[in-house]
Amino acid sequence: MKSAIGQCIQLSLFGESHGEAIGVVIQGLPSGILIDQAWMQKQMEKRKPKGKISTQRQEADIPEIVSGVFEGRTTGTPLCILIRNENMRSKDYSKMRNIPRPSHADYTAQVKYQGFQDYRGGGHFSGRITAPLVAAGAIFLQMLKSKGIEVGTHVSQMQEIMDEPLADDEILLRKQLLALEDQYLACIQDSVRDAIQKRIEEAQTQGDSMGGILESAVVGMPAGVGEPFFDSVESKLAHLLFSIGAVKGVEFGDGFDFAAKTGSEANDGFAIKDGQLQTLTNHNGGINGGITNGMPLRIRTAVKPTPSIYKPQSSVNLKTGEAVTLQIEGRHDPAILHRARVVVDSMIALGLVDLLTERFGILWWKGEDACGGD
Amino acid sequence: MKSAIGQCIQLSLFGESHGEAIGVVIQGLPSGILIDQAWMQKQMEKRKPKGKISTQRQEADIPEIVSGVFEGRTTGTPLCILIRNENMRSKDYSKMRNIPRPSHADYTAQVKYQGFQDYRGGGHFSGRITAPLVAAGAIFLQMLKSKGIEVGTHVSQMQEIMDEPLADDEILLRKQLLALEDQYLACIQDSVRDAIQKRIEEAQTQGDSMGGILESAVVGMPAGVGEPFFDSVESKLAHLLFSIGAVKGVEFGDGFDFAAKTGSEANDGFAIKDGQLQTLTNHNGGINGGITNGMPLRIRTAVKPTPSIYKPQSSVNLKTGEAVTLQIEGRHDPAILHRARVVVDSMIALGLVDLLTERFGILWWKGEDACGGD
Amino acid sequence: MKSAIGQCIQLSLFGESHGEAIGVVIQGLPSGILIDQAWMQKQMEKRKPKGKISTQRQEADIPEIVSGVFEGRTTGTPLCILIRNENMRSKDYSKMRNIPRPSHADYTAQVKYQGFQDYRGGGHFSGRITAPLVAAGAIFLQMLKSKGIEVGTHVSQMQEIMDEPLADDEILLRKQLLALEDQYLACIQDSVRDAIQKRIEEAQTQGDSMGGILESAVVGMPAGVGEPFFDSVESKLAHLLFSIGAVKGVEFGDGFDFAAKTGSEANDGFAIKDGQLQTLTNHNGGINGGITNGMPLRIRTAVKPTPSIYKPQSSVNLKTGEAVTLQIEGRHDPAILHRARVVVDSMIALGLVDLLTERFGILWWKGEDACGGD
Amino acid sequence: MKSAIGQCIQLSLFGESHGEAIGVVIQGLPSGILIDQAWMQKQMEKRKPKGKISTQRQEADIPEIVSGVFEGRTTGTPLCILIRNENMRSKDYSKMRNIPRPSHADYTAQVKYQGFQDYRGGGHFSGRITAPLVAAGAIFLQMLKSKGIEVGTHVSQMQEIMDEPLADDEILLRKQLLALEDQYLACIQDSVRDAIQKRIEEAQTQGDSMGGILESAVVGMPAGVGEPFFDSVESKLAHLLFSIGAVKGVEFGDGFDFAAKTGSEANDGFAIKDGQLQTLTNHNGGINGGITNGMPLRIRTAVKPTPSIYKPQSSVNLKTGEAVTLQIEGRHDPAILHRARVVVDSMIALGLVDLLTERFGILWWKGEDACGGD
């Protein structure tokens, strides 16, 4: 469905990197949800480029809610978030119009849109278009929090540098997620954060870029959410995660490590703990048969290195057919892993809010303090 | 959308392992597509349990097309495929009604459907429900073949045993896919096939089970297919692949290996080969910005070990809350990797047919020999 | 979406008049709904041709539920209803293959499907395909009944013959709907029923056919159901009603009569009756701004005369381009109004169950007596 | 799908009457469509209130395209149209917060959104929200024009005043539509226009309002467009037309008049005219079996009188439960029929563009002059 998605909660995303504005329309939100714009802005900050490990393009990125909120709460009618573009340097791109950047969408967009695409800064394919998703995600994450559900992500791996994994124990996991919440380059271990920061800075110095793996967890999800087959929790979340430009792999629970295990090593036996059915291990990442089992969700997302590097690369002039050695200019990210973290959280939150609404209905979200206008 | 999916081509899947029948309705097929029922049956054979490496449940699995085909060709109106269940032993399951099998959907279905689910043999969650998908997939795969697009999958890894990877060179890749076509346990290298066969048989002897990794490739896809963001080729295919019960990981191109690379190592430069724009490498698996670039698609799918093992496992009686040591009976697969291969091909084919129809329109599929009734 | 529809509850319809079988898959049903197959069969009887006012084709039309029901209740997984075709006389049609019947779908199907359609008996366009909708409708109507919501329809007008309109008073309306329930040619006034019966018989004798208007009402709908704009109750129900082949007009409340009124004559003032807010009149047919207001829904549906008449008609041989005087043979309905009644009820019920599920969630349907298996 | 709709072309509508801005996001547009903003503005003028027959609220209503257009043509990525609200008098509404206006959505929105809706000026239910639909419609209408397809609507009836019907003859019909194009109160006959103008002015003087019937026609539609059952042309267009707030009836071809006819009077015989298959009459309004037959589409839409009248009306204070005599203040339309005309054209155009794209594919729209950037 193009740049639109969702069953109960529907997103319609729009905008180009160098156009007037970018934004998103959210259909299907419950009414009466308190919007914490300060926290929304805090989420936006996590996606903003900062320091030597990010691009130098600076955007205010203040989401303007132009509909769907009245007296501080959602009305239940469509909510549109608008973000104006400001800090554009479109001339940086004009000379590259016919020379596609390797591993970018320049060539594929040219074929698909037959030359009519806004090629400046990647147009609609720019990572910048994820900014409205983070603003929308702030609403979904708050909705989940109101039900005791927490979502969090850390930079788990870059080359050989590996962070400690998130815990399966609920209490410990909630602590870890809380600790990650306000970090910019979010890692569990300080030493890992420092090492990754250094590795990205080195790449930046060399005109190169880095990828890595993000690990996410969700705690507090009720059991029984998700559908068999085509709307399995894995299908739904993977669909959303793979819509983020640089994501090339997604796994749940032990994921690709299952290949090394036997059934007896991989199965999660059941037991009653604190009067509640739980699994003794969590190899399946909280999902059986596409449906949540009440254990924490465990998700890993592979993010490829930013394709915009300053080293010379082989390309072709699409007009003339001549081979070209391309030297990319402009301002680019030596890594986006740290900035993508909050986009991943937002996509997971969207998927879960959609599935929870399908399960429990839209009226389920109405909080105790919700009481309407006078 | 529950057990239904698709934009232009829509599938609605139904049935339970021990019910009357299982099947699928396909909406949106072009008219005039020649249906090769013999080849459909051949595809069904690849999914059928055979030998010691599969379950002993034997089903004829002859797909009956009850609508949408007239005089051997699709009518363009909905096509329904029906498969009767025959070889059921429902009593095997009755005593386990309240004792969920670890890592199966028994517990999550119990919560979701509140005890009303057909619990026999996994009900709608059974791997058996993928049989109609293979029949439907035979149609999609034939449509792709008519356009020169080939899809194929091999068992690429089980524990430390690794098969040769599929090639990026188009001519070589087409040869590899052809060679895989008629195998039951499909591997590129004979020695690998033997080793994997043996490993599964060992697991079977020990009452245990094996998982592994399937590698798929698609050759012949035109460039420019797919959508930015939510209908990226990765999103669409991952959604479909994760709807297969045992799939816990999906990656495209280098996938999780991107974490080890820099941008300069990971980018796919462009060049003109044989008068056509190609990439020099194929780290991105034929997809840039969610859209095909004309290179082969490369997809890897992690399949967890079959959860049905004969070794004793920890469970809980959901009625009484008592801890139970569960010893599963009945007939089960010591591995499903080899049988899942053709399901993976079918899901990829569905996704591509849907995306190609969205791109080129339904009339694009009409073959030269299509001329309607007299 | 081709022959598929619905948001929370999704239908996928299949089959041709002279094919193997016709049927429907329903996705998204709540679990635990008691299926009353005897009542389903009773509903089927209302759609069956009977007497001189209907076609002479006799079909058993016994719906076979092949999935989604276990121990008499819905499982919550897809429910497939199958009806085998039996009493076919396909040779009646073969000579007309290239001569489209006026006002039938023969010509438009020929263009759309380019000659590959199953032309026998109208194929997928046959009124016969509504049989599975009636079986599905029986489930939706029972779900509504369990919530105190009644749907009913009568033949309200044929030429100058007019039945008494359905009442706006809830108690009276419930009585009227109850009285209509078991009728075959359903009218409020006995004299009107007799006159309409006679009028159809006269048309049958003359080889001609009759159309008319069906009036429907829904009582017991809670206020607040429906969406602004594109999922207004009117949009949703009209979409479903216009999917019935012969329907060419739909109106809500005063409908086209609004053209004769001023705002002061047409507005429905508010008052409190029996402690509840109601409207003093019901010109708007229970819907304001696309959303139910708690008053009875009032819907009128125009059904065109059956296009299959025995009188000679002008047509064209599509192969040769020659003008042809067509004399239709075979067995046909001189009117379908009386048989369409229960199809209209079924479509309204589907629309309301979908909207109610969107509003209150799937768990809302769970009745008191629902308690799952032992 | 809330305030979103469409299969190939998807609209997501947002905004409230007294909010920051209203607008729409269009997903799925082909690339390379030339946007004629001057003509878009001309279409907006037809919807604008003018003279004594409309509200006195004056809005500039200049659509700002914030994404999806580059160098004057569509990019193929989402197109967002934004219209700022300016001339608001929110205080007019505050005292009526708890007193629902009869036949408005005030009460139903209160129930649905539980008091959180933006009640000012009808919020998201305001007729004002149709302004972005007209801007979007201008794009769809231009796309249709580029294929020789014309859509047009006139005020056909108000009380006993009746305009001449639109012709079925293609040449005459194209002339009629051309003549209607630039009118504000669009009628075929000058005398009818004057009479209707006078009738609305009288209602305005009396603090009352008028409804009526709009007749639309579409000429140039290719045969074979539309789907059996749930995406019949009638279903699709009725769904869109009933999403306009004041619409309470929709009919195609002879519509409700079919009730007075026999099959032999109502059937449209076939003949070859000018080497092309046509129907001798057009009782079915260009649609057989839900699919276009190449004849002009004929559609009639019933529009109820504006519910905002100045005469005293019965209402209830929702807080206190007391009966209230309500005297509406503010600025209101004594009729919206003339302004709704262009909204009806826009909705029909959206439906047809969606169906044509489904039929012929997105690349079909690419005009001869389309050649992309340099």
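The letters A, B, C and D name the chains in turn, as written, and every chain counts its residues from 1.
Everything below uses one rule, namely that a contact is a pair of C-beta atoms (placed from the backbone, for glycine too) under 8 Å apart; a residue touches a chain by one contact, two chains touch by 3 or more.
Each chain and its UniProt protein: A, B, C, D = Chorismate synthase.
For clarity, every value in this text was computed on a predicted model and none was experimentally measured.
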Could you quickly compare A-B and A-D and let me know which has more C-beta contacts?
A-B
Could you work out which chain's C-alpha centre is the most distant one from the centre of subunit A (Chorismate synthase)?
C
CA centroids of subunit A (Chorismate synthase) and subunit C (Chorismate synthase): separation to the nearest Å works out as 45
How many angstrom lie between the centres of subunit A (Chorismate synthase) and subunit D (Chorismate synthase), each centre taken as the mean Cα position?
38
Subunit A (Chorismate synthase) and subunit B (Chorismate synthase), separation of their C-alpha mean positions in angstrom
27
Touching at least 2 other chains, the residues of subunit C (Chorismate synthase) are 1-4, 7, 13, 77, 112, 124, 228
Complex contact set, residues of subunit D (Chorismate synthase) against subunit A (Chorismate synthase)
1-4, 10, 12-16, 19-23, 25, 27-28, 31-32, 64-68, 70, 73-80, 82, 97, 112-119, 123-124, 366, 370-374
Can you name the residues of subunit A (Chorismate synthase) that touch subunit C (Chorismate synthase) in the complex?
7-8, 77, 228, 358-364
Show me the residue ranges of subunit A (Chorismate synthase) that touch subunit B (Chorismate synthase) in the complex, using the header's touch definition.
1-5, 7, 11, 13, 100, 102-105, 107-109, 111-112, 124-125, 129, 157-160, 203, 208-213, 223-232, 234-236, 238-240, 242-243, 245, 247-256, 258-272, 277, 279-280, 283-285, 287-293, 300, 302-309, 311, 313-316, 318, 321, 323
